[in-house]
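The following blocks contain the structures, represented as structure tokens.
Two complexes follow with subunit A in common, the first pairing it with subunit B and the second with subunit C.
So, the complex of A and B:
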């Protein structure tokens, strides 16, 4: 029976060795030349893979009719005019940027106020998610809770599945076009991601303190409170700051949905709807400045915390 | 040593950073061997906490809490329930719900998926030279490395709807190539960073061996670095595909048609049975991709 199975497997293993190559069944060769001649023909597999990839690529391009942009010729003069307006950084530009332009809504319509609003929404949402995710992250750690961790892990994956933008569109029914909607949408999605990263961090720490507390009679809660949290807290703060980085990118989009009082996104939507490209340039500059500043600040703090 | 003297010698902030604690070192714990020791306060934690509280208060003060708050739990619950309840005027019965789901999946959702896949594929292929130019161990020219990193750091800060807006000004609005190129740029900006950080952690001894045997730069990278980076490239490909499908929902606001525009219209018109039927493939795809990418990343890191 065993020999029969071996004989059945042999052609498949030979084909595998010929094309892919594998050293599990060790083969020895008399001299280097015959070993070189018996090398796996990996290029054939690569060719098949590449041909499949290109075939899929062409099929998909044909399905979505990607070449239809050629139907209408590109108007370079129009495009150039728009981009020139976009980069015209004159007095009006800076007046709108700092909120002195009454035509664009004054201080509350300016870029500076709106990027501060975006930062405020993101910060509050990340802070809420930072605290709510701690129990979920600990419950999702396989080294503490064993197979029970799957419950929390699957819950976190389900939370992550829903896009923030769709969640915000739904939450409008719950709390209207209000700042609270933006905060809940961002925080809800962040819990999933932060919880998963927490679980990864917990699985990497030293479990000596927790075992010591267990041997001296501490219950699970005491073990986690005194044996685990003090050593993972810097990592948790680092994860939260990293998430602030990512949330600030999503936070700029929330203004599109929540409209007024929800940050820079609403200005962007207004300006490309009405074709005010100079103001759109100011919005873009504001977004870039905000994200770069938060990036630098958070990477600096992360270095300080986890040094 | 006199306590007062020591604290005066160490500057005015010594008392803020340190505190004095009375401890009993005797075995019987009866107070016979009391000592005074100085302990450091958790300065970093306290200062971070203070900073957080100050920023939180400033944020709460800045936001406009008064306007247009309309908390309505029944409406929200009804909206969620209506996702799965066929409406007699639209989907009719449960068979109609499934028929609409299949119709949207086979036409508009597949189109969105193709756009995301093409964008991810183009972006992933284009990001290969970029992350080898950005990594410290494969590119020794400092000015080139820094220059490429700064350019792509700036591109990374642009939100996806602005990238799509720029493309829609070049090619006219409504072309699928806007979406493909947007996804490609977005994928490059996500992927180059993760990949060059991974490439910098790769073991360099095979590279040096090939360098010592006389390999050129390209040969060293292709033989000694690329085989290690390839599995990570594939797992990040699936990760980026998942991110792209989730992020593409915003593109309906810049005149991008198809699935997401229909979805947005359905939500705004309260056609929640249509929305539920449309969301089913999206959620399923994202979930499957998430499980696959989690699995691959766990394997890749081991």
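So, the complex of A and C:
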């Protein structure tokens, strides 16, 4: 029976050795020449992969009809006009930007107010997720909890399967068009993403200190509190800040569906729909400024905490 | 021939690692550098191939002052200098032969390297290097499946595939067990007999005394001893280390240690 199985496996192993080489190191070569002759033909394998990718690329492009894009004529004159309005940074532009333009809803309709709202939403949501994800992340660590970690791990996978925008749409039917809806949607999804990254960080850490605490009679919680958390806290903060960077981008999108008082996204949708391209330009500038500032701030803070 | 003239090295934090180092090493010598941690052993070795820049002085290798070279000219000089590291510095996910062929990159243009194309002669050269260290059979195995001693031999084969005139070694045996240490040191001796100059940092004074033809003692960035191994007396070690030798600076009785050829756990 064993011999039969070996014979069954042999052709596959021969193919493996031909393409990838004798990775198990069981063959022996009399001299360099015979070792050279036994070299793996990786380039054939790579060529097969490359041909497959190109084939799939062409097939899919054909199926989704990419080339029909050319059928639609591009109105350069119209596009150019929009472009010019977009970049007309005159008095009206800045009045709307800083919230002095009553026609655009005053202070609460302006760009500055709304990017601050967006920032507040994402910051609160990320902060909530940062703390709630800690216990789930620790529980999802296979090196600490073994196969019990699957419970938390699967939970985390489940809650991050639903994209934030979709979740926000569902939540609107529960909590209505309100900032809290955006916060819950963002925080919920972030817990799933951050928790997973926490577990990865924990699994890459030195477990010696925890062992030392175990040897002096500490229970699991004490081991984690004194042996693990001080080690991983800088990494956790770094993960949280990275998530803030991502959430700030998603947060602008959430305004699109939560409508009033949920940040800059609603302004974008409104001005796009009514063709107010100058205001759209101001909205875009606000979003870019917000993202750049948050990125700079978080990378500075990350350097400080992980030093 | 290697000649260091008035070499100064200051780190960006203001620490003066080398001050006015003068040194002349003939072809075919096996030089060991000994000294306390932080005395400047690693800095000295890493300055010779300019992995560390120097602030002043000349480093003349085969008539070329490498201290002022830049870009391509520096890389051309570097390919004649092999280097061995304490932690081997292999790409652990690549197989052995790919690691060894990495020693040839200095002979190729960037464009050729993108596609990983090496000539048949180079592949044979790499396999011959592996054969010299008795690990030819492992040529297509992933590097992380090898033991420490085998990995260091792969690193030696990589250096040898460069066809260097000189091999620098930065604590080459510091992370190996005594039996493997002796085996790897024997490999160094064999490389030396091929006519390749070797400059190695050594943590163990007795290893340095047994294997090298010349010993340089360094203390606080200055050369305090330069001579034959049999001249290294307790007085000399007193001068280098500031105290008599500790137990951990010797390996014990080297001649009693049986070198391993095949590692036990393989």
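Heads up, the rule we're going with is that the second predicted complex is superposed on the first by the 252 of 307 C-alpha atoms of A that agree within 3 Å, B and C clash if a C-alpha of one lies under 4 Å from a C-alpha of the other, contacts with A are read in each partner's own complex, and residues count from 1 in each chain.
As a working rule, a contact is a pair of C-beta atoms (placed from the backbone, for glycine too) under 8 Å apart; a residue touches a chain by one contact, two chains touch by 3 or more.
These numbers were taken from a predicted model, which means no experiment stands behind them.
Taking the superposition as given, does A:229 touch the first partner, subunit B, the second, subunit C, both, or neither?
After superposition on chain A, A:229 lies in contact with neither partner.
Which partner, once the models are overlaid, touches more of subunit A's residues, subunit C or subunit B?
Comparing subunit B with subunit C, the partner touching more subunit A residues is B.
Considering only touches as defined above, state whether A:79 meets subunit B (first), subunit C (second), both or neither.
first
Once the shared chain is lined up, is A:180 touching subunit B (first), subunit C (second), both, or neither of them?
first
Contacts for A:161 in the overlay, against subunit B (first) and subunit C (second): which applies, first, second, both or neither?
The answer is first: A:161 touches subunit B but not subunit C.
Answer with first, second, both or neither: which of subunit B and subunit C does A:61 touch in the superposed model?
first
Is A:246 in contact with subunit B, with subunit C, with both, or with neither (first, second, both, neither)?
Neither: A:246 stays clear of subunit B and subunit C.
For subunit A, what residues appear in both contact lists, the one with subunit B and the one with subunit C?
Shared contact residues on subunit A (touching subunit B in one complex, subunit C in the other): none at all.
What part of subunit C is in contact with subunit A in the complex they form?
95, 97, 120, 123-124, 127-128, 130-131, 136-142, 145
Within their complex, state which residues of subunit B touch subunit A.
On the subunit B side, the touching residues are 44-45, 48, 52, 55-56, 58-60, 62-65, 67-73, 75-76, 79-80, 110-111, 114-115, 117-118, 121, 153-154, 157-162, 165, 169-172, 175-177, 180, 246-247, 249-250, 253-254, 263-264, 267, 279, 283, 286-287, 290-291, 294.
Hey, which residues of subunit A end up touching subunit C in the complex?
20-25, 27-29, 31-33, 35-36, 38-40
Quick check: in the complex, which residue numbers of subunit A touch subunit B?
53, 57, 60-61, 63-66, 68-69, 72, 74, 78-79, 82-83, 116-117, 119-121, 123-124, 127, 157-158, 160-166, 169-171, 173-180, 233, 237, 249, 252-253, 256, 260-261, 268-269, 272, 280, 284, 287-288, 291-292, 295, 301, 304-305
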